[in-house]
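After this come two complexes, each holding subunit A, first together with subunit B and then together with subunit C.
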Partner chain A sequence: MARFAVRRIGQMLVVMFAVSVLTFLIFNVIPGGDPALRMAGKQPDPGQLKIIREEWGFDEPVYVQYEETMKKVFTADLVSYSTQQDVIQEIWRRAPRTFALALGAAILWMVFSIALGVFTAIRAGQFSDRFLTVLALIGISMPVFWIGALMNYYIGFKWGILPNGGYVPITEDPWEWFKHLLMPWAALSILFIGVYSRILRSNVLDTMNDDFVRTARAKGLPERQVFLKHVLRNSLIPIVTLWGLDFGAVLGGGAILTETVFDLQGVGQYAAESVDQLDVPPVLAITMFGAFFIVLLNTVVDILYAALDPRIRLN
Partner chain B sequence: MAPLLKVDDLHVSFATDDGLVRAVDGMTLSLEPGEIVAVVGESGSGKSVTALTVMGLTRGPNVSFGGSIEYKDEDLLNAPDERLRRVRGAEIAMIFQDPMTSLNPVMRVGDQIAEQVLAHEDVPKDEATERAVQMLDRVGIPRARDRASNYPHEFSGGMRQRVMIAMALSCDPSILIADEPSTALDVTIQAQILERLRELRHTANAGIILVTHDLGVVADIADRVLVMYAGRIVEQGTLDEVFYNPQHPYTWGLLGSITRLDIPPPPRLPSISGAPPSLAARPEGCHFRPRCPHEFDKCTEDPPLEPRAGDSRTHCDRCWLSPEDKQARRYVSEDQIGLEAKGAIA
Partner chain C sequence: MARDPADFALEGPAAISAEAGAPAEAGGAPAAGLGPWRLALRRLKGNKTALAFGALFVVLVAMCLAAPLYADHVAHTDPYKNHLTEKIVIDGKKTNVVSLDGIPIGPTWEGKFFLGADINGRDTAVRLLYGGRNSLLIGVSAALITAFLSVIVGAIAGYFRGFTDTVLSRTLDVIWAFPVLLLGVALGTALTISGLDLGPIHVSGDSKWVPILIIAVVYVPYMARPIRGQVLSLREKEFVEAARAQGAGHLRIMFSEILPNLSSIVIVFFPLMVANAILLEAALGFLGVGVQPPEPSWGTMIGDGVDRILSGPHLAIVPGAMLVLTVLALNVFGDGVRDAFDPRSKIRLEQ
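== the complex of A and B ==
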């Protein structure tokens, strides 16, 4: 276990280092990437540019710039090139919003995926299965920016059932917090529910034909127990893996579209805004933030996987 | 004494896209306590379906049944699902062919056994767990207490089959159905497993139905033998009757395809030419006719299962040939029973 932990932490450091270098380099080579040009305003004169470059260290070689920037990341001195905001502070402010979105949506999509997957598997081939299958496919095919916009317009604006966009901290008003997040949760979950329930359905159908399920029946177990302890338990393993990875991605700010459509001002939306401004410091910090969660959840998935399937060993 | 199990004229048909598949087409079988009845036949002959049907495990929307299955004078074929569930595992237990896949990979073996005990008996959980340990010990698993908390992948194939047997015996069933219990195991382990079955017959006085295609196994432990072909019994009798005085050409073929160590090996191992008929469209009359070199006019008529050999009332077969003809034709060489390839004689 200790070896596993050490290896995973090492892995995490390597991934975060690689991701930061890549991000830094990409923003250095893309056209219009020169931050001094954008800082200097519309018609910069060369003297001004020179001063900015010297002041911010843009005249140094790339690796020195990288080193300086990374130092700032770890001392929390990182400042946005375009807004001069403290980046770490900003991520800190936005992270709870992203976490709230990720956690709620992950629970929602898992619960509904299991319910829908199990139901359609049991009803395989019948009308209700086909109907829900079509529904799931529609869910998979609907882009978040579209379904989100529709929800915002109808539920939020036209019918006024839920607030259309924005965020209220849970500490301020839990009920408002919940109401503001309901639509984002739903919009984000729809795609996942479609995908997960399809996978679970086919897993369940496969497992039902497994020999050990026949054994469970031959033992005279009640059908309910056969299903829950033998069929479902084995069918859920791949879903749990997938869930961990997707949860990690959303947690790390991956739900850019959902956050933006509903103006949650989470980390993902911050990423979108910063990329738009070609603002390297926040992009760099958010990328590392995301990488951290993805590697973290990968590790959690591995641990879960070993717990769920005794054939898997951590080392 | 009334038989433990009486299967009478059992029919099992599956409705498929290719038409009605008559997997079992008039199967009759009886089993006494302490008796081992072997059901032999090649894949698709209906032997496993018969076994599963006795357990009620073939029930489904596309399956239709005929005939009767009586266990201790109780009709099982039409029993409600819940009643059948209570019989399964407690009264009639089954072990399956492939021990590698027949155990739940993510559950400790002790729990898998205890689960069965709990499903049938009103005992506390730790008592069921204790029983699991005892059962594992009884089937010869060393350090049973520790091993009970292992997962199936931590056992070898033979050990897993022992776990299956321990599980099957955990509720003290009066009938054990063993569906190719030793097929997936290597020969030394096979012998050990068969030894367990033999023991069980003596200690628990259980009736055992042994489904197999391995005549070596049959010769080893069976009291009576039923030979199935295309969903029907083509020959039945005691072990000696079927092995030493086989009446049906299909039985000859089966016996002929055993490798023997006591005679010089033939250049090619004999096999029965052709393939079994599709169960959805079988030939008129004798089903074995298309593969049989001894076919004659009469064979287009359906031969009933009757005592034809004249050696006993229980030795029955479905072949129109006269006993004398059978006597003469079943030897392919001196001392070797077998079946020529179709066309080789004519």
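== the complex of A and C ==
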């Protein structure tokens, strides 16, 4: 277990390093991306530009700039180029919103995917299976910001059933918090439910034909136990992998569209806003933040794996 | 591989070039896959749902291709012309195309403004069809480039293994660790501002090549991984070993033994890739880094519609519905293609 943990931490550091270099490069190889030009306002004079460049270190070679920026990331005094805000503080402020969105949506989509996947697999070929499969495909084919905006307009604005956009901290008013998050959770889950339930359905159907299932039946286990302990447990393995990757991505600010459309002011929305301003420091910090969660959740998945499939050992 | 051994005797490995590989590939593919291909086609023919949705996609494409005809002969306008100050007659009443407080008319269900106008008084139906041309063009081109790059990367990584594989696979992993959209938006913002210089080729910031290239690159890891896996197993097959024993070089083995056998995986991926590319184009358009105005695309139209949803929900519903229909058609058809090429999943469906 200790060796496993060390390997995972090593892996995380490598991925975070690579992601930060890639982010830095994307923004630095772009000629139009000179941050000094944007800071200096509409009609910059050369002297002013020079001062800004020296002050922020833009005149240094790229690798020195990278080093300086990374130092600031770890000492938490990274400052945005465009708003001069403290980046780490801003991420810290927004993180609870993103976590709330990710956690609720992940539970919602997992529960519904399993229910839908199992139901359609049991009813394979029947009308209800075909109908739900088409629904799942429609879910996969919808852009999340589109369905989100329509929900916002009809449920939130027109009929006034739920608040349209915004966020209320859970410490302030748990009921309002829940009401504000209900639509974002639903919108974000639709796509995942579509993908997961289809995968689960085909996995269940595959596993039902496996030899060990026949053995389980032959030794007289009740059908219910055969399904839960043998079929479902094995069919869940690929779903758990995907769930880890996707949950990690949403936690790390990957739900850019959902956060933007419902104006949740989460980390993902911060990323979208910063990218729009070509503001490197926040984007850099957020991509590393995202990579951290992706690797973290991968680790969780590996542990879950070992629990689901006793043949897998962590070392 | 039923291949005449004389072939190898005639062209020694030294004479092999990419050009020599191409005809060999063309000759090799049917011999290698005649059975499976026919079978797949027969299975696809039996899947009425997939065929119906495939036909729906063809109809949607045809509609978008016919956009100029519709614009000239039915709507009598073009996708850029604004009719802000004009009035049209609906039910015998003269109505402003865009009311004085900026609310555009909704669908008239007539030739002009069939699906209403946008806030600039432009004909939504006309823009929808022209936008579809852009969205489809971007989707298909991006998917083609993704397939091309993935085959190159996947084949090289899987075939040579070792250090090459490690470098390529880790690079793909890093791209994968990025949220797709964040990477797309970052590249998009950067490129729309400054354009792109690839040696002698210059791509300007408002070119459609910007979203095409971004989408193509972002999806490479998703397709290259399974291709690499396929190549890893192909290279151990007897026919590759036979070719190697006969003295075929890497290029020859790559072009006449490995690549023809990758065609089915590419075909299975392609419709689904186009669907994903269209969705990503929409997301980039929504975030303002896709197709640049005044050019329409479904993504930018949905983006504008969502921003102005209060002045008329049809602005968001119309392009969104069209996009969902197209992507759905591709997904159902793509599923059918996959089932046709992968008999196991077909057996599953018939249970």
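The definition used in the following text is that the second predicted complex is superposed on the first by the 314 of 315 C-alpha atoms of A that agree within 3 Å, B and C clash if a C-alpha of one lies under 4 Å from a C-alpha of the other, contacts with A are read in each partner's own complex, and residues count from 1 in each chain.
Operating definition for what follows: a residue touches a chain if its C-beta (ideal position, glycine included) is under 8 Å from a C-beta of that chain, and two chains touch if they have at least 3 such contacts.
All figures in this text were calculated on a predicted structure; none of them were measured in a lab.
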item: Three-chain arrangement built on subunit A, subunit B and subunit C clash or fit; value: fit
item: Subunit B versus subunit C as contact partner of A:Asp210, first or second or both or neither; value: first
item: Touched partner set for A:Arg233, first subunit B, second subunit C, both or neither; value: first
item: Which of subunit B and subunit C A:Asp309 touches, first, second, both or neither; value: first
item: Spatial angle subunit C-subunit A-subunit B, Cα centroids [nearest 10 degrees]; value: 80
item: First (subunit B), second (subunit C), both or neither touched by A:Pro174; value: neither
item: Partner chain in contact with A:Gly166 - subunit B first, subunit C second, else both or neither; value: neither
item: More subunit A residues in contact - subunit B or subunit C; value: C
item: Partner chain(s) touched by A:Phe145 [first = subunit B, second = subunit C, both, neither]; value: second
item: Smallest distance from any CA atom of subunit C to any CA atom of subunit B, in Å, after fitting; value: 10
item: Subunit A-touching residues of subunit B, taken from the complex the two chains share; value: 55, 57, 85-90, 93-94, 96, 98, 101-107, 115-116, 119-120, 151, 153, 164, 167
item: Partner subunit B, residues of subunit A touching it in the complex; value: 210-212, 214-223, 225, 229-230, 233-234, 237, 308-311
item: Contact set on subunit A toward subunit C in their complex; value: 15, 18-19, 22-23, 26-27, 30-33, 124-125, 137-138, 140-143, 145-146, 149-150, 152-154, 157, 202, 205-206, 249, 252-254, 256-257, 260-261, 268, 271-272, 275-276, 278, 283, 286-287, 290-291, 294-295
item: Contact set on subunit C toward subunit A in their complex; value: 170, 173-175, 177-179, 181-182, 185-187, 189-191, 193-195, 205, 275, 279, 282-283, 286-288, 302, 305-306, 309-310, 313, 316-317, 320, 323-324, 327-328, 331-332, 335, 344-345, 348-351
